[in-house]
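Structures are listed in the sections that come next.
Common to both upcoming complexes is chain A, partnered first by chain B, then by chain C.
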Partner chain A sequence: MHLQPNVPSPRAWDTGRQSREQRLASAARFARGKLVAHQDATSLLEAVLRPGDRVCLEGDNQKQADFLARCLAQADPTVLRDLHIVQSGIVLAEHLDLFEAGIARKLDFSYSGPQGAALARALAGGTIELGAIHTYLELFSRYFVDLTPHVALTVARCADRDGNLYMGPNTEDSPVVIEATAFKQGIVIAQVNELVDKVPRVDVPGDRVDFVVEAPETFYVEPLFTRDPAQVTETQILTAMLAIRGIYEEYGVRRLNHGIGFNTAAIELLLPTYAERFGLKGRIATHFALNPHPTLIPAIETGWVQQVHSFGSEVGMDAYMRARPDIFFTGRDGSMASNRLYCQAAGLYATDLFIGSTLQIDPQGNSSTVTRDRIAGFGGAPNMGSDPHGRRHASDAWMKAGREAADGTPALPRGRKLVVQIVETFGDKLDPTFVEQLDSVQLAETLHLDLPPVMIYGDDVTHIVTEEGIANLLLCRTAYEREQAIRGVAGYTPVGRARDRRVVEDLRARKVIRRPEDLGIDPLDANKSLLAARSIKDLMRWSGNLYDPPRKFRNW
Partner chain B sequence: MHLQPNVPSPRAWDTGRQSREQRLASAARFARGKLVAHQDATSLLEAVLRPGDRVCLEGDNQKQADFLARCLAQADPTVLRDLHIVQSGIVLAEHLDLFEAGIARKLDFSYSGPQGAALARALAGGTIELGAIHTYLELFSRYFVDLTPHVALTVARCADRDGNLYMGPNTEDSPVVIEATAFKQGIVIAQVNELVDKVPRVDVPGDRVDFVVEAPETFYVEPLFTRDPAQVTETQILTAMLAIRGIYEEYGVRRLNHGIGFNTAAIELLLPTYAERFGLKGRIATHFALNPHPTLIPAIETGWVQQVHSFGSEVGMDAYMRARPDIFFTGRDGSMASNRLYCQAAGLYATDLFIGSTLQIDPQGNSSTVTRDRIAGFGGAPNMGSDPHGRRHASDAWMKAGREAADGTPALPRGRKLVVQIVETFGDKLDPTFVEQLDSVQLAETLHLDLPPVMIYGDDVTHIVTEEGIANLLLCRTAYEREQAIRGVAGYTPVGRARDRRVVEDLRARKVIRRPEDLGIDPLDANKSLLAARSIKDLMRWSGNLYDPPRKFRNW
Partner chain C sequence: MITLTLRYTTRAPMPGNARRALVGVVASGNLEVLLERTLPDTECAVEIATPVRGYDEVWTAVLADFVERASPGGLRISINDSGARPDTVALRLMQGARLMEATR
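The block that comes next holds the complex of A and B.
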């Protein structure tokens, strides 16, 4: 049984490197050094890619390698076929065109946003073979295990002739994508806005980059985190007041992440006004893992916010962040530095609260942003909206949540991440937010998915905030109590009307459910005068005109 | 209530940058460009650091900035005092000397290893004010939120005059430490083995590095993951056989992480021999998030292992990894590339199984490596040894574990990470591994810790493997069943003898407990002839003499 260890292995151990060298040789005629003319970009891709390759075509939450996407979509499908796309964002029409043309076949992704409906159709029609819908950290992690890209198509603001890349505030996913690809003998191609003699700072070292293409147009960035204060409703202001008094103040939450919606934008705009009344400055909401939300500007300017680390940037915020290095992470060149993986890890392990909105919640507290005909994907919310069992440091907020969750006095005390869903009982078009069954369950059956796409599972949710009040699920001791606590804040939705009134009253007496008046909040006080900024223009003024909002938000 | 947004803020927003400029000015007289002579290193540190600074003095799992540690320990404690050390490893005597001298006061760390006993004494004596004992991902995450270093003292193999750093296989924690420090206007100082004109590859771009010191001696690396096959016991071989048949084969585990102990080394050495008998090649243990364990060499050479991403390197493995780029991540220079944060993320989100050993397990399945007089710290095991609730991709192993954990047919099916503790019922010095109460509970009381240091909490553990059999905790439906399943594999320890024999027999009938014979394993077959390598020399032969073991493992 003992094998002979001294028999030399006949196997080749560098097939990846050989493949890489062949690809580079095929591409050589299109390149001068690392530089490739934009007219040759499609030919470059045809030379470098092989059928069946795993390809990451960034494709992030915000920035897009849009020129390379167009070039790839124009490739000859008899040459380039069956690619396996492994990228976080499927957000451009070109991303789906690849599948229509047969250039790509399999997809592993994380977020689809504007392409959610088209993606659902492509899945139903069989054009796309779905691997899985991931969370960000999960997909990045698989880059190092079983989804390592053969080719990464990345995007930067500028590059030098050695391939050193400057991404500035828009670093996002690129460092992790490029590390996984370059260090597994893959090929890295960058589109850049311009070639320069010297980059302002090195976000990715040139020796990880094989080709640089100066794109004819500046790359696209989606202003995904801009919320116009003028569109914040009074109901959203009320839920924000509830969250501030019933959760932020109650637990002393200092380190946190906010979701993308108007409810959390309202919280940001209430810090310098409503929260100020209760002397909470410095005691809540001081350290954020957060994109640079324009609605955070008033809280920054009034000294509420002490530090922000960001996943990515936000259109129009560059000059403001450059002028606030005490708050934001900025490079030696002065501009902001983001990193989605680092910030997701920070949001998972180093914050005490995740708060976000959702489209649907079921009576068990499971939530989803999927509807019958749209697959929005997950992004990072499920990473941050979960209790990391590998956390071992205490904080007041975390320990209090842990005590509430414990039944009696456990032998081993533990803390608990606060995971809050903040919603209005009825959403857009007056669809009820609370539903007996998530649409995603039906969708999973229709599309034969391994798992129904659930954004945050009910057992990770600690609080649900609606205009009717706060349900503290940590204090529920049975599944029935939990369900009634959720029904008890679900308002006039069918889920809410099906509540057991006696149990709900009992839960309120036990402070499991807290109504606005239980927290000293008069719903009539919830009005727009409470917002520190009531318009995009107000945000500009707060920033000393450093914030430069994108055109579509300028309605003056 | 509406604030005036157009009142200009009188506040300075660049105090961090101003402080940085003052520090750089103080240090200028010791530097030519970025280069500082090693004789001036202590003066440099005295010039650059300020009392109360958060300092990361790497201090990783393996590589050590040992020269800079000695220089800092020699600093004048009337100049440099009350530093807050925020680093993953407290493993050198100098790390503790800093606290004795009053240069450092507060500590946030992750792993102590050889200094565990001295650290416990320093905590008991009040020399160290403890923040928390973290897991790796958790500490790295806090670097971006509330433990951002003011100064990072890092270590590389070589640097050029621009400060570009080459770490080669020993990258480990450095990229994340340096990113957090440099992008928050902190100061980065690197000790290097040599200055070169051009680094073989850029692991950290020079514009993030302020000073480079050529150290008089090569930096120290601990060969932490080398296990001599000659020391693997027959009991460990038996537990390895159980794990292979009862877990790896049963669940079809392909993506995994192994702990540091002899039990998992035995599994590695049984893959090409024992596991081969069952036709498992390609069906189990193909993709690893793992340090380059020398005991993995036979499994690599026989084609079992398809890909390995590593946290760090291992002494003596450099040439072997360079020759196996299809297996390991390697840079364009040919040498291996590691990254602790990326690999921890991979171990958390992209593997289906974590298996490791521990010193103590209680009847609830909680485990600890802390003993009455030693604080070993956590390292990364609790990150990987936990079920990540933010995972959304399916695999056969994960789905099967999820089905077993589910009581009945849940509305929302979910998977589950396999978290396995593999131990012998009695450890070194015949101390029982199974104890009614973890020593760490007592220690936490003595040292007034916020939380008892628990390595992996019982509710994350899915299986416990001992020489008596496997307890599958997923199949337990009550706390009592769970406790009896654990007692039922705890052998002749007091915990094992206190079992309820009737319940344990019932659990065995339900396959919750499986004895060796239930898996077709004869304990008498567990002998050293099953090991693919029986000595360090065998490992060298397997590697074609590419593996170059450190002297202390060469007993010939």
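The block that comes next holds the complex of A and C.
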């Protein structure tokens, strides 16, 4: 017999397209054109989905395709089973109900915020087979490699009959999810608040959208980035003053990202007051990769902030952003446009500093927001709170950090991203922030995870700020010094009290550790009167009443 | 409510000549600190009233560091605690010391 290895065996090259055609055919009876009545949504999902499909049910950290989530949870688990959920946010109870019912089996995600405790229980109970807990950029990247969705269930403010979608300020994950799905012959279904003749702006072109369902209620958006200035403590004000003088001023940090916590909200509220005293306007904190934090309003209004690009939006900020197009990115229709993928990439490569809070830090500087009974997942911190070795453009702040890390003049100059953890030494209920071992290590053993979930790895962290002072880890020359520098700002936690006092004093003499008094910070300034706004109502006034805070923050 | 009394000999008198200062408030997670210049120059006495048990060692550590940093000779310090965290206690003490340093 003669073999002809170079002649390919006959095969079909368009099985994906064929599968798509079959799915569209079985869904056709529920649709008129692209439009599907909301009563038929569950039947549509049963017709379109196949057992084992990878599904993205947005699922962002703010906006939720909540109606489609409820419809999917009501599907017949004998028809729809073993779905593989690939979405950034596990935020709604329905997201976990899918696993309880057996409709879904496997999960790859990023962030679980409000469902952190329920998710930990489901993992322990074995109802979820966990792939990985990703950073946003990782999960979005895998959409194009090995986690491409077969079906995407998205959410928009409105659509026209051709399926063109208008997302409004909460564009978030949708463009990347939809591109990955649509261009690999998947199916895209959108829930919308209303059908219109013409959308104000085309955020997603209609030829990437297969079905549109007008939902009976407007979709839910979590107000995740609103911090009431009235809740900022004096200790947080002190840590914010330390960061401004010891890091922002010291390195001349202009391009940056802030975390979600009260410490960084305090920094935002101190720019027009405390930082103003030192003539820092225009020299620090001018360009942000940041969600539209309401606490940034006073710094915007006083001319500190020059430009903000956002991952998502924030409830109540629409009219304010529309009126400040020089600051925010806006469409031709005037409304703000966000994009989580772009902004994460910006935060990774185009900022010189990430500063954020965390729940636990170990003596090596590793941090985690996982506790024994909660898996909160990762937000933007792991990407932005890492030193991108792929970066090749210089800036003064980045070069100075690189020089400090190199101890003198290296043959080959390199920069360093400033990665700062800002915390109070004790959290709620007197739980110490500094711990000998992260709870996530124990949790990873219990749940047999390959990797203990670490928010920011110690070797990426350059500074730790607490009310006791700043530890500059770039200037540490040995592992022992580094550990003592961390213990030296860990306050009265057991980790802090186990410090080697002599080494810590040496580190202070070398300016590796700097106390408030070393930076000329007066503890009497750690007072709420120093905040540019002391309440949500103050923020409204600063905005000229354009900021419209959500009901739960209206406490007057 | 438990009461702790701590006594120190300081290396120097508290600078300044303010007779008395009050910082903080009695509110959940906070504390009130009253400082009075009534003792001999290198003596310091601290009386703490707290509803939280089991933190004697932490109080002792916080106060020892404060005495080392501020040298509050001559001061009688009364602390009315409402479950403040150690970082808040340390901040209030430093604020109180700054007010006592005032010359007037």
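The rule we apply is simple: the second predicted complex is superposed on the first by the 547 of 556 C-alpha atoms of A that agree within 3 Å, B and C clash if a C-alpha of one lies under 4 Å from a C-alpha of the other, contacts with A are read in each partner's own complex, and residues count from 1 in each chain.
Basically, contacts are C-beta pairs under 8 Å (C-beta built on N, C-alpha and C of every residue); 3 or more make two chains touch, one makes a residue touch a chain.
Just so it is clear, the structure is predicted and the values come from calculations on it, not from any experiment.
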Touched partner set for A:Val202, first chain B, second chain C, both or neither: first
Partner chain(s) touched by A:Glu468 [first = chain B, second = chain C, both, neither]: second
Chain B versus chain C as contact partner of A:Met399, first or second or both or neither: first
Contacts of A:Ala182 with chain B and chain C, given as first, second, both or neither: first
Touching partner for A:Gln307 - first (chain B), second (chain C), both, neither: first
Touching partner for A:Pro523 - first (chain B), second (chain C), both, neither: second
Which of chain B and chain C A:Thr235 touches, first, second, both or neither: second
Which partner reaches more residues of chain A (counting touched residues only), chain B or chain C: B
Contacts of A:Phe144 with chain B and chain C, given as first, second, both or neither: first
Those residues of chain A which chain B touches in one complex and chain C touches in the other: none
Complex interface listing, chain B residues touching chain A: 1-3, 5-6, 8-9, 11-17, 108, 131-135, 137-138, 140-142, 144-146, 148, 164, 176, 179-180, 182-185, 201-203, 205-208, 254-255, 272-273, 287, 289, 298, 301-303, 307, 309, 323-327, 329-333, 337, 339, 341-343, 345-346, 348-351, 364, 366, 378, 382-394, 399, 411-415, 437, 441, 450-454, 457, 460, 529-534, 538-539, 541-542, 544
Contacting residues of chain A [partner chain C, same complex]: 233-235, 238, 424-426, 430, 466-468, 491-492, 497, 522-524, 526
Of chain C, residues touching chain A in the complex: 58, 61-62, 85-88, 90-91, 94-95, 98-99
